Amino acid sequence: MTQNLVYLNGEYVPANEARISIFDGAISLGMTVTESTRTFGHKPYRLRDHINRLFQSLKAARFEAGVTADKLERLTLEVWEKNQPGYDTGTDAWIIHNITPGQWVPSSGQRPAESQPTVMIVTLPLDLSYWADFYQTGCHAVTPFTRIQPAQSLDARIKNRSRFTYTLAESEVKLFDPMAQSLLLDTDGFLSENKGGNFFLVSNNRIRTPSTINCLDGISRQTIFQLAEQLNLPVEECQLLPYDVTTADEAFFTSTPYCIMPATKFNGTVIGNGEVGPVTKNLLAAWSELVGIDIIKQAQAP
Amino acid sequence: MTQNLVYLNGEYVPANEARISIFDGAISLGMTVTESTRTFGHKPYRLRDHINRLFQSLKAARFEAGVTADKLERLTLEVWEKNQPGYDTGTDAWIIHNITPGQWVPSSGQRPAESQPTVMIVTLPLDLSYWADFYQTGCHAVTPFTRIQPAQSLDARIKNRSRFTYTLAESEVKLFDPMAQSLLLDTDGFLSENKGGNFFLVSNNRIRTPSTINCLDGISRQTIFQLAEQLNLPVEECQLLPYDVTTADEAFFTSTPYCIMPATKFNGTVIGNGEVGPVTKNLLAAWSELVGIDIIKQAQAP
Amino acid sequence: MTQNLVYLNGEYVPANEARISIFDGAISLGMTVTESTRTFGHKPYRLRDHINRLFQSLKAARFEAGVTADKLERLTLEVWEKNQPGYDTGTDAWIIHNITPGQWVPSSGQRPAESQPTVMIVTLPLDLSYWADFYQTGCHAVTPFTRIQPAQSLDARIKNRSRFTYTLAESEVKLFDPMAQSLLLDTDGFLSENKGGNFFLVSNNRIRTPSTINCLDGISRQTIFQLAEQLNLPVEECQLLPYDVTTADEAFFTSTPYCIMPATKFNGTVIGNGEVGPVTKNLLAAWSELVGIDIIKQAQAP
Amino acid sequence: MTQNLVYLNGEYVPANEARISIFDGAISLGMTVTESTRTFGHKPYRLRDHINRLFQSLKAARFEAGVTADKLERLTLEVWEKNQPGYDTGTDAWIIHNITPGQWVPSSGQRPAESQPTVMIVTLPLDLSYWADFYQTGCHAVTPFTRIQPAQSLDARIKNRSRFTYTLAESEVKLFDPMAQSLLLDTDGFLSENKGGNFFLVSNNRIRTPSTINCLDGISRQTIFQLAEQLNLPVEECQLLPYDVTTADEAFFTSTPYCIMPATKFNGTVIGNGEVGPVTKNLLAAWSELVGIDIIKQAQAP
Amino acid sequence: MTQNLVYLNGEYVPANEARISIFDGAISLGMTVTESTRTFGHKPYRLRDHINRLFQSLKAARFEAGVTADKLERLTLEVWEKNQPGYDTGTDAWIIHNITPGQWVPSSGQRPAESQPTVMIVTLPLDLSYWADFYQTGCHAVTPFTRIQPAQSLDARIKNRSRFTYTLAESEVKLFDPMAQSLLLDTDGFLSENKGGNFFLVSNNRIRTPSTINCLDGISRQTIFQLAEQLNLPVEECQLLPYDVTTADEAFFTSTPYCIMPATKFNGTVIGNGEVGPVTKNLLAAWSELVGIDIIKQAQAP
Amino acid sequence: MTQNLVYLNGEYVPANEARISIFDGAISLGMTVTESTRTFGHKPYRLRDHINRLFQSLKAARFEAGVTADKLERLTLEVWEKNQPGYDTGTDAWIIHNITPGQWVPSSGQRPAESQPTVMIVTLPLDLSYWADFYQTGCHAVTPFTRIQPAQSLDARIKNRSRFTYTLAESEVKLFDPMAQSLLLDTDGFLSENKGGNFFLVSNNRIRTPSTINCLDGISRQTIFQLAEQLNLPVEECQLLPYDVTTADEAFFTSTPYCIMPATKFNGTVIGNGEVGPVTKNLLAAWSELVGIDIIKQAQAP
């Protein structure tokens, strides 16, 4: 990690020295709009789609980045260019954007007039060891005590770092099983998303996933739509309930780092026959082909 | 501000140099448990009550501070002792605690085993100029588009800095009136709280405030209960609706910095006769007496 | 009815000739703020309380009456003075106020600048024959299919004449029993109110009624509070469910014309022993004494 | 307006003399079932569709019109025939139906047996000047404080004139911007409708609009479906949130008088690039072609 | 009935002697997972589909049947084989499965370790006389006071015998009309299902039915999907409201015994023209053809 | 258990031979209204209160017991008289009533005219060993995935045996901790009750418990009210959230068999200092005194 340079408000700083003021809105208000993508074979994946979504989040969050989308894209590529030499062939990078409204001095109750947005662009070596076994065994999806906030409180499509709810939810499922992965319900009891990923079910070769009313419109999620079309698998966005997971054939999460994480257990009960299913495997294979990297192999590399 | 030393993980750092890693959970997850109190005449106000609430928040947040309540109290007094000499008699201090679970490296998906909590203790000169006029004119309370998250998503009593919802709400009311103060409704349409304070109504010398089902159990709120008892004014915690504000005699917010901020307008309509009312004034006077400081005068000092 | 003169925008018109333009907001928008009180022994009952509530409704409705509360009170007394000679001793009067924002020409989408509020003050002989038998037998309270709108749609305390929901609800219970009286539930299934009255339960000499979160803060309701205090009966405002009616000892509605209407059946099941109970009778007697009129006798007069 | 004759219960009355009793259910209960259509080039637009919907509303409202659909259609054409000569070529007419259950004497609590429905048929010159500029600039859509009532209180598809909620909502958005147009949310925070029109979004040439679970099934809305099919634009009915408006390319309202009213701003934020978009323009052009009238030109005629 | 042998935990018992301990979980906890199918012309209808659903219910209920699906199918056919000789050609059989977790001694608070599941397999002559007239006249669908429990309390797709809510609902509609059939709403006011069947609407030859979010995924319901496809009738699963029934052309229930039960009245109002409609008739005819039995004739046989 | 005679529809049957038809409404519909009380020192505890509540449940369930309350009380005492000799001094009895509407033949869809209610009266030796340790250590209260049904589906005060929801909930918490005791939340996320008991919190010597909007009005719950008054401890019925448990000093369940079961852990976190608290101990002692039995000692007897 220490080898990476971080772009921080116009300067390049080694990652382990990248610090921001404790009076930044990131810390005092959790007011960070964010994106996170990765490289495949050292090529950033759908970078512009991520940046476009970042600007949609900013619009909804009612503050400005202080840079254009074009400039942010250029800067991101520059950061990656600087850091890439430190990456060996088998290792890919996580690319993270954090934008905050800047300093927010609490004693005045207001953002100071002279405050400038804080822009951070980070690359980090993508260490997938935590998830690596799940490609073979599947993970255990568990619904936490905590429910995702409804859209009228905060639309889950605004990608941000006020993640207290999600982080607490993730802690809760670990009480149930130390390797459990959270699958949050919304306040009406419908499935929504994982702390950092979307969720899909497969039943009779039909793929279903929650609509974006209560979850992020993930780029990995969009990739599933694209791959499913390629594989002639119908995909439906709809309201889903725990019973749908219990009685599904297969289930998986999607997220930037691991792409697809199979789930073979739900709230203590096996999903399907308890093994990673053929549709999930096909989607993983198609994804690997799409990006020219064997995703599972890379994750499981020692 | 620059004169103040900040306690940051065992070290004292000038406020304008106090920085934390961009990989701290504060930034990557908004995972900061917090408190904020102040001094009156340089004496910290109910410091231990604040610290006790901080430990309740930590318990509910399922992570440890790495220090005991006793030690945190001692450290806080030390910080204040160091900084107090820089404060003139008329100026009081804001005292802020931020505790985070420490580093949270995103690429592993997990908090690293060696990660230690981050502890910040801050004092800042309390500049009340932003609110000073409201003591005479009252502010304009406006309900934002955004609704507070329900307790099953995140209990508002856990004082934390994942404040995206509140900050967005505050931006929204500024569109309505640049000096408007947010009064958030919950998802059932009941009054909850301001981005950083509680809300009270007065009708026929009877005080009403939302129960803590959807808002912080503020220490300033508790002070109102104490002062009301002293002034023989009944206080009721109940479900309140916008109609209750429209038809009330008086209204006010409470928060650590300004203590009581009268509201004389609500969603474009005057409250009562549009002036700061007698009950609000009596409560303010009683509070000033309680702490030995003329709260209004201090705020309005040039 | 024909003998009564109606006050209509500054003129006195015989009731059967009192008409308003079909372009008035009353008709095109149901935008009428209203009150309805009565006389006891020819004396208007708590007239000023009704007028004060009318002005609270207007404030919440965001339009002006074009007259002051004082003037409206004077005008009301004048109307009654003019009409009273036509009332024999045994007959009392219903007093109705309707205020609308005036003409609202649909083709422009806006209220025309020159539009003036429409003010109607009506007295009518109070014919209680419809309810007369209920004093002895009690009525049948039935919950309709239709639910009262939640306060975030329209606070039930704003007394108005957009009564489609209530009128439809009342039609529905007549399908069940032609003499049934509606008892609307709110959208969470809690008891709210009748199309024109409040609802009370008696269990073990304890009186309970829904809080005003989902119903009108009726003046007759307030009278019950006053009489109960006089009779040393505790009254509680709380959330009530159908089960509470099924298992109560007694139940009754309150409204301006009939004061108290006992209910002895609920959704097809007897309440208590199926007879009007002692607490209800005592309250009725106390009310008669309060106003110097035998309420039951007057209603049952041929 | 004065030139128009109004059909009122079998008689023809000049519009400015058309009055109904203040004891009509229209006024005492807001119990008016209604329709409103218009002419294009003096030809009534989908008159029978409107009349059919009127009879569906009456069925749901549980009262009778006292005339058949056929007769009402004939009468409407007669009214228009009588009034048409007063309209110059460039001016079209608004056609309004109001049906009420007739007299509803409050003192008896019941609709009198002899009461007959009140039938009003109105034509008025269609003055579109209020909306004319919006065709070029787009309007500002704003979500009011007030939420539309849920269907279990009153199904928004029953077209009626108990419009207190909508009228209040419209007043509220005017506080925000005097030219704002209301876009009501339902009690779950989903987009519903304008006080008198439906709402549409365009994203990537895909049209989306709320399903009729919480809004009128507008005839103009149906026209959009028809024109979109003609233009090969997919239309989807689904649950929509404020975030969808903030991030859409284009947005517009539909209603009888103005057909399509573009919206280029939402809650203070521009929609798309802040200009009326190509899909909206194409739909407007197709509508003009469909009805043989240049809709924008007509509206902007001096 | 007495002629039938019941399979009860490995033994065959005459139906009128089939009894279980009052300490079985069936009685002490209502903990029975169940299925109910029938024969057509003495051939069990989609028996394996029913058994598969039974095992899905058991999985969701978190207890085991103690037999495999294969064995249960075999046993069921054996029961029918034993009983079939007692059935004349015109009479078909109801086939019922009840599975419980077995004894549940209340005094220990726990299911005893030695407790074995209770398995009941029942056939009964299918007496359709109760519904027979409805094929010609249609039934009266009425929404009860009681609302179906939301999926987060108990997913309606888990077919079980804790039917207190449904049975109470059915009692309620009988108060309205002794021959009424319940059509339960969910807690948001949307249509769900009958105490033992699904519900469908027909409007303009388009079939609509609630999605399985709030109702059983009935095998008869699936048969309608299959027949509709055969008849080229589009079917949509969506949220439906009482207004949709009031304004539909046709309506019907589906359930194992009667297959299709037309509804021609809803909450006191005729549906369509008040007669069984052509789409309903066609579906019934297609079903009869599918199973080689004239369903109506069989039901109406003396 | 085998020594006890059960009253079953007028006959006395040994408990292990007490069986009912599998066509009884108890099994086919879960339609059992029930009560469960116990003896203390062989004296039935508040038997008449239990029987009165049983008759309230029956009234709400809309079916008859076929016996009067007086007769049921007499019969219960008879059953106990018969069985008491088999109980040694240290052992008390559980007394259970189950009433069902009787036979409910599924093939007719209706309850047969000749069907008679089924009445069961059971006594069983009260074996408290399962709970015995909890008096010293406290139990672990865990909120299950499943939420209690809202009152508009089935009021929790109607004591019945359609317990699928509760039984499933109890299974769920065992996945978390084999000795966990369920604490169900309602669909708004508020605390309700255990599968068979009420829940109480103690904070600063103030006792709080959910109001009966979402839980049984337990007789043991009423006993706590009575004992608390005796001990001068205020009790409040209110809406409670998980945060209230996390931050309480003490917590306990109440139910007929164990009276009070302390809870010292909640969702993996200690309550208070993790030990059974003084208020809980005092209440237990007062209860023991009230009934003349050392409750803890009896439970822990070998």
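For reference, chains read A, B, C, D, E and F in written order, and residue numbers begin at 1 within each chain.
Please note the rule applied: contacts are C-beta pairs under 8 Å (C-beta built on N, C-alpha and C of every residue); 3 or more make two chains touch, one makes a residue touch a chain.
On a predicted model such as this, the values are computed, not experimentally measured, just so you know.
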Contact-graph distance - origin chain C, target chain E: 1
Chains contacting each of chain A and chain D, listed by label: B, E
Chain at maximum distance from chain F, centres defined as averaged CA atoms: D
Chain A and chain E: spacing of chain centres that average the CA atoms, whole Å: 44
Chain C and chain D: spacing of chain centres that average the CA atoms, whole Å: 32
Rounded Å distance, chain B centre to chain E centre (Cα mean): 57
Length of the line joining the C-alpha centres of chain B and chain D, rounded to whole Å: 46
Sites on chain D at which at least two other chains make contact: 62, 147, 150, 152, 158, 172, 187, 189, 242
Full enumeration of touching chain pairs: A-B, A-D, A-E, A-F, B-C, B-D, B-F, C-D, C-E, C-F, D-E, E-F
List of chain B residues in touch with chain C within their complex: 185, 188-189, 238-239, 241-243, 246-247, 269
List of chain C residues in touch with chain D within their complex: 1, 6, 8, 15-16, 18-23, 25-32, 36, 61-63, 94, 96, 98, 105-110, 120, 122, 124-127, 129-131, 146-150, 152-154, 158, 160-168, 171-172, 187, 196, 257
Contacting residues of chain A [partner chain D, same complex]: 56, 59-60, 62, 150-152, 155, 157-158, 211, 213
Contact footprint of chain F on chain A as seen in their complex: 143, 145, 147, 172, 175-176, 187, 189, 242, 267-268
